[in-house]
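Every chain is named by a letter (A, B, C and D) in the order it is written, and numbering of its residues begins at 1.
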Amino acid sequence: MSHTGEILSNEVLKDKYCRAVFRAPEICEKAEPGHFVHVMIPSMRDRILRRPFSICHAGGSQLTIVYKVVGRGTEELSRLKPGEKCDFMGPLGVPFSLPVEDEIPVIVAGGYGAAATYMISERSKNKGYLLLGARTEKDLILTDNYKNNGFEVRVATEDGAVGTKGLVTVLVKELLEENKGKNLKFYGCGPHGMLLALGELLITNEIDGELSMDQMMCCGIGACFACVVKVKDNNPDGWRYARTCKEGPVFKASDVYYGRT
Amino acid sequence: MSHTGEILSNEVLKDKYCRAVFRAPEICEKAEPGHFVHVMIPSMRDRILRRPFSICHAGGSQLTIVYKVVGRGTEELSRLKPGEKCDFMGPLGVPFSLPVEDEIPVIVAGGYGAAATYMISERSKNKGYLLLGARTEKDLILTDNYKNNGFEVRVATEDGAVGTKGLVTVLVKELLEENKGKNLKFYGCGPHGMLLALGELLITNEIDGELSMDQMMCCGIGACFACVVKVKDNNPDGWRYARTCKEGPVFKASDVYYGRT
Amino acid sequence: MADLRVDLGKFSLKNPVMTASGTFGYGFEYAEFFPLDRLGAVVVKGITVRPVHGNPTPRVAEVSSGMLNAIGLQGPGVDKFLHDDHYMPFLKKSGATVIVNIWGKSVDEYREVAEKLEAEKDGITALEINISCPNVKEGGISFGTNAAKASELVAQVRAATSIPLITKLSPTVSNIGEFAKAVVDAGSDVISLINTIPSMAIDIETRRPKIANVTGGLSGPAIKPVAVRMVYEAAKAVKVPVIGMGGICNADDAVEFIIAGASAIAVGTAIFTNPMAPIEVIDGINSYLDRKKIASVKELCGTVDIRK
Amino acid sequence: MADLRVDLGKFSLKNPVMTASGTFGYGFEYAEFFPLDRLGAVVVKGITVRPVHGNPTPRVAEVSSGMLNAIGLQGPGVDKFLHDDHYMPFLKKSGATVIVNIWGKSVDEYREVAEKLEAEKDGITALEINISCPNVKEGGISFGTNAAKASELVAQVRAATSIPLITKLSPTVSNIGEFAKAVVDAGSDVISLINTIPSMAIDIETRRPKIANVTGGLSGPAIKPVAVRMVYEAAKAVKVPVIGMGGICNADDAVEFIIAGASAIAVGTAIFTNPMAPIEVIDGINSYLDRKKIASVKELCGTVDIRK
């Protein structure tokens, strides 16, 4: 369950987003879209927790993650050089299920979410859409890679600099309008607010989908109850806290609890 | 008072002893034998204190320290590569006074003490002796350098593998015997027990000397009272605690308090 | 190979290394890392009389050499714990030595949990009474900082069960020795300490607490020196065995606690960093004893040399 | 440039950044790093009625994200402090705002120091009563953990001097709010916290404590979350200004304390790592306020947003 991965390359992808490739054959073997790895970043020392990252690509023995530099851990990660090693736990979590039969995959992503869902575009036999939301142009990543995999990429930015101005849910509504009657399979990964909005929108439209809900994690394997989100339950309250690391990160949109309590 | 020094080289000198050379012109300018620098070792992060090291050599802009790897700090120091930088405070402390007139320098050292006193051998106009004590052969350092500076080197090891078997004080007694009537100027640096033994021996022989007393340090500049040793005082107790970083590390043997309370 | 067995009064363990409650789930989650019966004991997450949702998120935050948590004792409740496959039934099958950490909002709730466990005590080696969880406002802290209340609580649990009792103390008291004495007098067979230290961290961009519960408990290497001191003081104050915890990451840390006076120790937060930590600690204690030519870990307990 | 002035009741400071007692000597030692009058205040090492040798060595030990110390209040005594060139006379010349930390083994000793300082109070802005030094066995700890004794002490010092009084609280209490209230009721104008947390570290090779005094006080980043929580609780409990300290290394840390409720803050252990830390904290608080468009540091105090 614990593996050592040697860094093969570690470079800026775009702005604050970096791509790191590790040699990690045991993980690659089992990796599915939506799985994550839980990484010990050496050189932290005064920071004791691992950092979770979705698997962006797993080919042969090479494991790729795409990460945004947002704090101490990701900063130190970005400074690691080829030859240095990290300790990995993984692959962890419940993965996405790939489209079956005539399902058209529609990936709705924000920020690093486009990396977390990328393996769907690689492994789905049906081609589909990437609807990518971002604050600014700087947060749009991997769009060419999705296109190369035959996916149509539509973009919304909050400042309107690229693509539609506004939130990604606008793109979702457009797409639903265009594709009435088609068998769309929705996948979501991005900020919590975006996922809740997406989930509610899907449910209103009587479509299900799979959402990857990321929360602060400690153990990464279901033992500490740090990483919970509310899911529906048939207890008197109508909800319970589910561990995103073990019962997720991928949940059915119809399982997520949208109540505000 | 605070300077940044770039590492020019950092290599194993012998066994656990390493030599690091830094570019630190401001410190070199003022450095005298017995001065020390107080070093922030980057990459420690979960360890917050600086580490004090005696200045072994200061030539032009190049500052040399010789250090023994004994724990986290010195281990991490030994891993630093040329081009990396450390923050220095220094030169700090009260230095040794060089021999004057016909004074013959006699350096009595143990372990890294031979590095702390090395500048005496460089800067003294009179040549003299290095009496070096060590547990084993592995702790004998810089002997050739002292010889190149015209010093006679005599060695004692506890296991007798090299030189006289026993403690360095045996060598001191021999030397005193040989050099009766000569104007010997003693310098000591090494483990606390060795320095106390040396100091008492000198006093018994009615000779003074200068001892560099190293203690655990925090501030390095006299503010925290962490680093004290007992010195004589004319208060009712006959002693007081003196700060080795500010009032020392070099004390007159005759000022040190040898009482056992 | 040194003798690692330790004696905790009414029960003994094959080695002194346990897992700290709340950091090892119910054992199940770590069973793929190593066989659970290698541990001295598995201490499960706090069990309550009814299922508990726990606190809103964020429940954890990282700080220098440690973390804050306010999980709020989310858990299945005692009935499910006893009967649902991957709790107690799984632990029994695994061959692990099981210690059940219990918690309640009132003396009655503690007593009820203890009664239910008493009724199906097969496979339960001891109960650990968590009187010190700082996160749930309704009572935890008041037992933990009031020796009279703590005594009453222990006495009531004592009356409800014949299972050996460990009382887990809060570090938020002025005199840990007195507190330890009080719970031992009330019938606790063993004491364990320390629980997390109530703490707070604020996001300066949003000015919101980093923990939804506002405060959370500090654990990890940051608290180790406080824990070693308290174990030392508690072990001096009482005659019963002491279980030490707080920031133990490796065998050296564990040995430090044992020298301070702990008969056994628990690894907590370090498991998040390194799931193999408890096993490495067992092996490392053994190596230390061998290197120091000490035949049994019992000989090391409380041997700190404080002559001036 | 934001307004950094802060108001501490009977006195005000040009900015909220002080040095923590015992980590900045008597100011003198750091005067070559920066002009002392740039600081909100210089808080000098604890002053006693008579000269004190202090504890045997080792007096300090390093631990994860912190250090232990048991210096034992070595110092010149109040007379020498008032008259010897590089203590008070130097500070007066430097233009620094001076706060004198005082300490004694008995109420009488505290009162005597206060009386002597009262007699020559020119240049002294406030006294900080250290009721919490955990290192000297003869009394420190009992004032620090007994609210009645602490009140009596503060009342006696209050009677002895008209200089504004700060009482520095120990973190080793169950309810810091109550304690803060008690000393304020007894006449303290301001409270400051936290002092170091009693701790212990053992060398596992020799089995000797790493501090000759056996226990020492934990300081540095490791204690910051505990300190923030206590400042938050104390500030809620009393109406007087609160000075926060414990692990502050940079402006972000300082801002966190201010948001939690501190009117001013002190930099301690971080000075050993970086002698310029207090100045960098002043500049950094200013930058933060400018970036957040907050006109005065006073507006930031206690603004933690705890709505659920």
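Here is the rule we use: a residue touches a chain if its C-beta (ideal position, glycine included) is under 8 Å from a C-beta of that chain, and two chains touch if they have at least 3 such contacts.
All of these numbers come straight from a predicted model, not from anything done at the bench.
Note on connectivity: the fewest chain-to-chain touch steps from subunit A to subunit B number 1.
With chains reduced to the mean position of their C-alpha atoms, the one farthest from subunit B is A. Note on chain placement: the centre of subunit C and the centre of subunit D lie 34 Å apart, centres being C-alpha means. With each centre defined as the average position of its C-alpha atoms, the distance from subunit A to subunit D rounds to 47 Å. Look at where the CA atoms of subunit A average out and do the same for subunit C: the two points lie 35 Å apart.
Residues of subunit D in contact with two or more other chains: 64-66, 221. Shared contact sites, meaning residues of subunit A that touch two or more other chains, fall at 46. Touching subunit B in their complex are the following residues of subunit D: 22-25, 29-30, 32-33, 45, 51, 53-54, 57-62, 64-67, 69, 71, 74-75, 220-221, 269-276.
Subunit A contributes residues 1-2, 40, 46-50, 87, 89, 215-216, 218-229, 235, 237, 240-241, 246 to its touches with subunit C in the complex.
Those residues of subunit A that touch subunit B in the complex are listed here as 43-46. Of all the residues in subunit C, the ones that touch subunit D in their complex are 56, 63-66, 68, 145-146, 172-175, 197-202, 204, 206-209, 212, 214-215, 218, 221-226, 228-229, 232, 247, 252, 255-256, 259-260, 288, 303-306, 308.
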